[in-house]
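Multiple structures follow.
Both complexes below contain chain A, partnered by chain B and then by chain C.
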Partner chain A sequence: MLETLLNEIPRFFTYYNIVFLLKALFATFLLSALGCIIGSVLGFLIAVGRNTTSRILMPLRAALIIYTEMFRRIPFLVTLMLAFFVFQALNWDLPMFSVALVTVCVIGTAFIAEIVRSGFESVHDNQWDAAYAMNFSYLQTLRYVVVPQAWKVILPPVFSFFILFIKDTALASQIGVLELTYAGKVMNNKGFSATLVFGTILVLYFSLSYPLAKFGQRLEKKLAPARNR
Partner chain B sequence: MPQLEIVNLKASYGGQTVLEDINMAVEKGETISLIGPSGSGKSTLLRVLTGLLPPISGHIVLDGKKIDYNNKAQVQELRRHMAIVFQQYNLFQNMSVMKNVTIAPIKIRGRPKKEVMEYATQLLERVGLADKHDAYPDELSGGQKQRVAIARALALRPDIILLDEVTAALDPELVNEVLDVVRLMASQGMTMFIVSHEMAFVREVSAKVVFMAGGHVVEVGTPEQIFDRPTQQRTKDFVGKILRH
Partner chain C sequence: MQLDFSAIWGHFPYLLGGAWISLQVAFLAFAGGMLLGLIFASLQAFGNRVARRCVNGYIGFFMNTPQLVQIYFIFFALPEIGVLMTPYEAVLLGMTLNAGAYLAEIQRAGFESVQVTEMEAAETMGFSRIQSIRYVIVPHIIKVLFPPLSNQYIIMTLGTSMAAIFGLEELTGRAFNINSETFRSVEIFTVTAGVYIAITFLATLSLALIGRYGFRAKMRLF
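Take a look at the complex of A and B:
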């Protein structure tokens, strides 16, 4: 077993194969990173919108609630298919990578919106009272009072979501996006042993998620006030 | 002309009427105390006055100008004149003492930073916390927090200050340090609304005492009238119970 594996290695790590795997790694990285970044920005905005109270914005809040609750409940794969067929029905000839990218952004946004919203909620109502009584506006209260306190509640679940998310991008292989999991299947079909191929894929996934987790830990330490460390 | 007039204020909370027929006139520099059993609407009245709980009907008149609580601009104008100190201090947990006191004057009112910092330093000295500029709320005792909250309210240079049971959450030995600060403010001619259960204190500082029960004003008078010669049965019952222990 070990011997066959060792024999395979020189054939496996050829220049062509390494480039192929790195390309796939880059696709996974891009899907995860853009999903996380765009998802964070839009998710934050959605949480800000959902937290408003004015009557005029009621329809907006309703729309945002429907959006978040819906896409947090639909399985990733179904959302992916949905995006795929919607674009097809619209006759937009998008590359598969873009379809997958739209999907990860839609899902990332929904999940992060919910995490941020519950983070806002963790800040005591009396902070809002004090701010409003001193004429802070909604956005000023968020900026100066609520967000600085909510960060330390928001960050840990956001980073654990990011890490789950990297793994979820594997589903993009289902519509033929060349990312890590798909690359693994291709190599496996070429006759390389599953142990070697998926062992390599595992290491590559790890190389993405481990630094992210470390970064998250550092950020949490940095943002948490000294006295709470 | 009274500085503040409260006209037919009515408020409800969770579908229940908690304040009704509230009418009052306050002269500049007067200290008015609201007393009454728990749930009588004293604290609610202060929340309504600052616009944190918009009333169902009624309005107030501030310096001759009518304030409609449904009008955002008018409420903002009102809040430039009125500051509130909460029972639970409500200090901003993410800010140092100095930042708590200065953020609203600097960021919201747009006053010059240097001037605000100087004034804040004076105020913190006046409330006995000159050495706590850089401390965070978590590091302070209840009495210290409440004194920071008072300094924060004063830093806004309000015309009227509302004190909502400012000693209720404090350990008995910390009560006096806060009351001393309130005495000082009263002596300097600030118009104050005080909700308090410290009857001896109420008697000492108030020009007028308002007895409330069940969301209504039952009786208004000087401290002597309310505590020594109440005319309403409910006031008599309440005062009797309080003074017996």
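Take a look at the complex of A and C:
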């Protein structure tokens, strides 16, 4: 067992295989990073919409609540298949990467909306009332009072969500997006031993996720004491 | 695009049977993960340096690699050294090991929230050691731990969907089966998503009720 593994190693770590794997690693990173950036923008808008109080916007709020509650309760794989088949049924000829990106954005929006909303809630009621007393409009309150305080609460969980997504996008291999897990499957199908291939894939995921996680912890520690109520 | 749900309803009981298997896998993995997490959290609190290092390494590794690839490794790589597993066993083992890492972190944070002064206060009130653990420490720990644990349970219920990739016929697996039989793809996955929403919502609801009225934990539905 060990001997065959040792024999395979020089055949496995050739220049082209390494480039192939690193490209796949970059695709994984790109997928989760883009998903998180787009998800942050849309999630922020949803949180702003959910926080409105006027009666006319009631249907909008209901729709936003349904959206966030729904997509936080559907597994990644099912949302992915749904997106895949919906685009197929609509006859849109999108590359697989875009289908996966749409899925990541849809789910990321729902989760980040929730994070941003709890960030808004971390700002004390008195501050909202004070801004109202100063005749600030809703958007002005957000712009000048809430967001400058809330971003410190929002940023760390959004960052850990981004790291979570690096791992979740492994499921995108199921529809044939060329990311790290799919690259592993390709290598395994080429006849390399599964121990070697998936061991390498695990190490690559670890080397991407671990430094980011450490950075996230430091970010959290750095921002946390500045938080005031 | 035309939607036709009529072809699906005949398969609905079959799909619900899959939901039952999903819940089963999630529950077993959660129970195993709790036990594993408890052992790891105690090792981190009371173990020597070597034990702490090992546990930290384990948790770091399992939290920073995808669950899917971990199960891939168990399912495809372990047979090379002669450990053959059915999909059910491989998925359950993978999910348990993964959950062990996450639940160890949650339980450790819960244990750290207890302070020595609480024990001292209980002693001042004339509680015996066992009484102070029973009436002061345990209620506190449960109150702190319950919300993140129930959250993790919901995440794990959703995580069982990746068992379908290994051919386990749980909710998503059965959805794939019905899909290849009827080819009403959009409809079947919409219904499956609905079932997932329903079972996780029921789980959140019951856990929130238990937490709020049983352990006075701060929990909310929305």
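Rule of thumb we're sticking to: the second predicted complex is superposed on the first by the 209 of 229 C-alpha atoms of A that agree within 3 Å, B and C clash if a C-alpha of one lies under 4 Å from a C-alpha of the other, contacts with A are read in each partner's own complex, and residues count from 1 in each chain.
The rule is simple: a contact is a pair of C-beta atoms (placed from the backbone, for glycine too) under 8 Å apart; a residue touches a chain by one contact, two chains touch by 3 or more.
Quantities reported herein were computed from a predicted structural model and do not represent experimental measurements.
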{"item": "First (chain B), second (chain C), both or neither touched by A:Y210", "value": "second"}
{"item": "First, second, both or neither for A:Q149, with chain B first and chain C second", "value": "first"}
{"item": "Touching partner for A:Q140 - first (chain B), second (chain C), both, neither", "value": "first"}
{"item": "Touched partner set for A:A130, first chain B, second chain C, both or neither", "value": "first"}
{"item": "First, second, both or neither for A:P75, with chain B first and chain C second", "value": "second"}
{"item": "A:M1 touches, of chain B and chain C: first, second, both or neither?", "value": "second"}
{"item": "Partner chain(s) touched by A:A62 [first = chain B, second = chain C, both, neither]", "value": "neither"}
{"item": "Contacts of A:V86 with chain B and chain C, given as first, second, both or neither", "value": "second"}
{"item": "Residue contacts on chain A - larger count, chain B or chain C", "value": "C"}
{"item": "Footprint overlap on chain A, comparing chain B with chain C", "value": "none"}
{"item": "Sites on chain B touched by chain A in the complex", "value": "50-52, 76, 79-80, 83-84, 86, 88, 90-94, 103-104, 107-109, 136, 138-139, 156"}
{"item": "Interface residues, chain C side, partner chain A - complex", "value": "1, 60-61, 63-70, 72-73, 76-77, 79-81, 154, 158-162, 164-165, 172, 175, 185-186, 189-190, 192-193, 196-197, 200-201, 222"}
{"item": "Interfacial residue positions of chain A with respect to chain C in the complex", "value": "1, 65, 69-70, 73-79, 81-82, 85-86, 88-90, 163, 166-168, 170-171, 173-174, 181, 184, 188, 193-195, 198-199, 201-202, 205-206, 209-210, 213"}
{"item": "Chain B partner contacts - residues on chain A that touch it in the complex", "value": "126-127, 129-136, 140, 144-145, 148-149, 225, 227"}
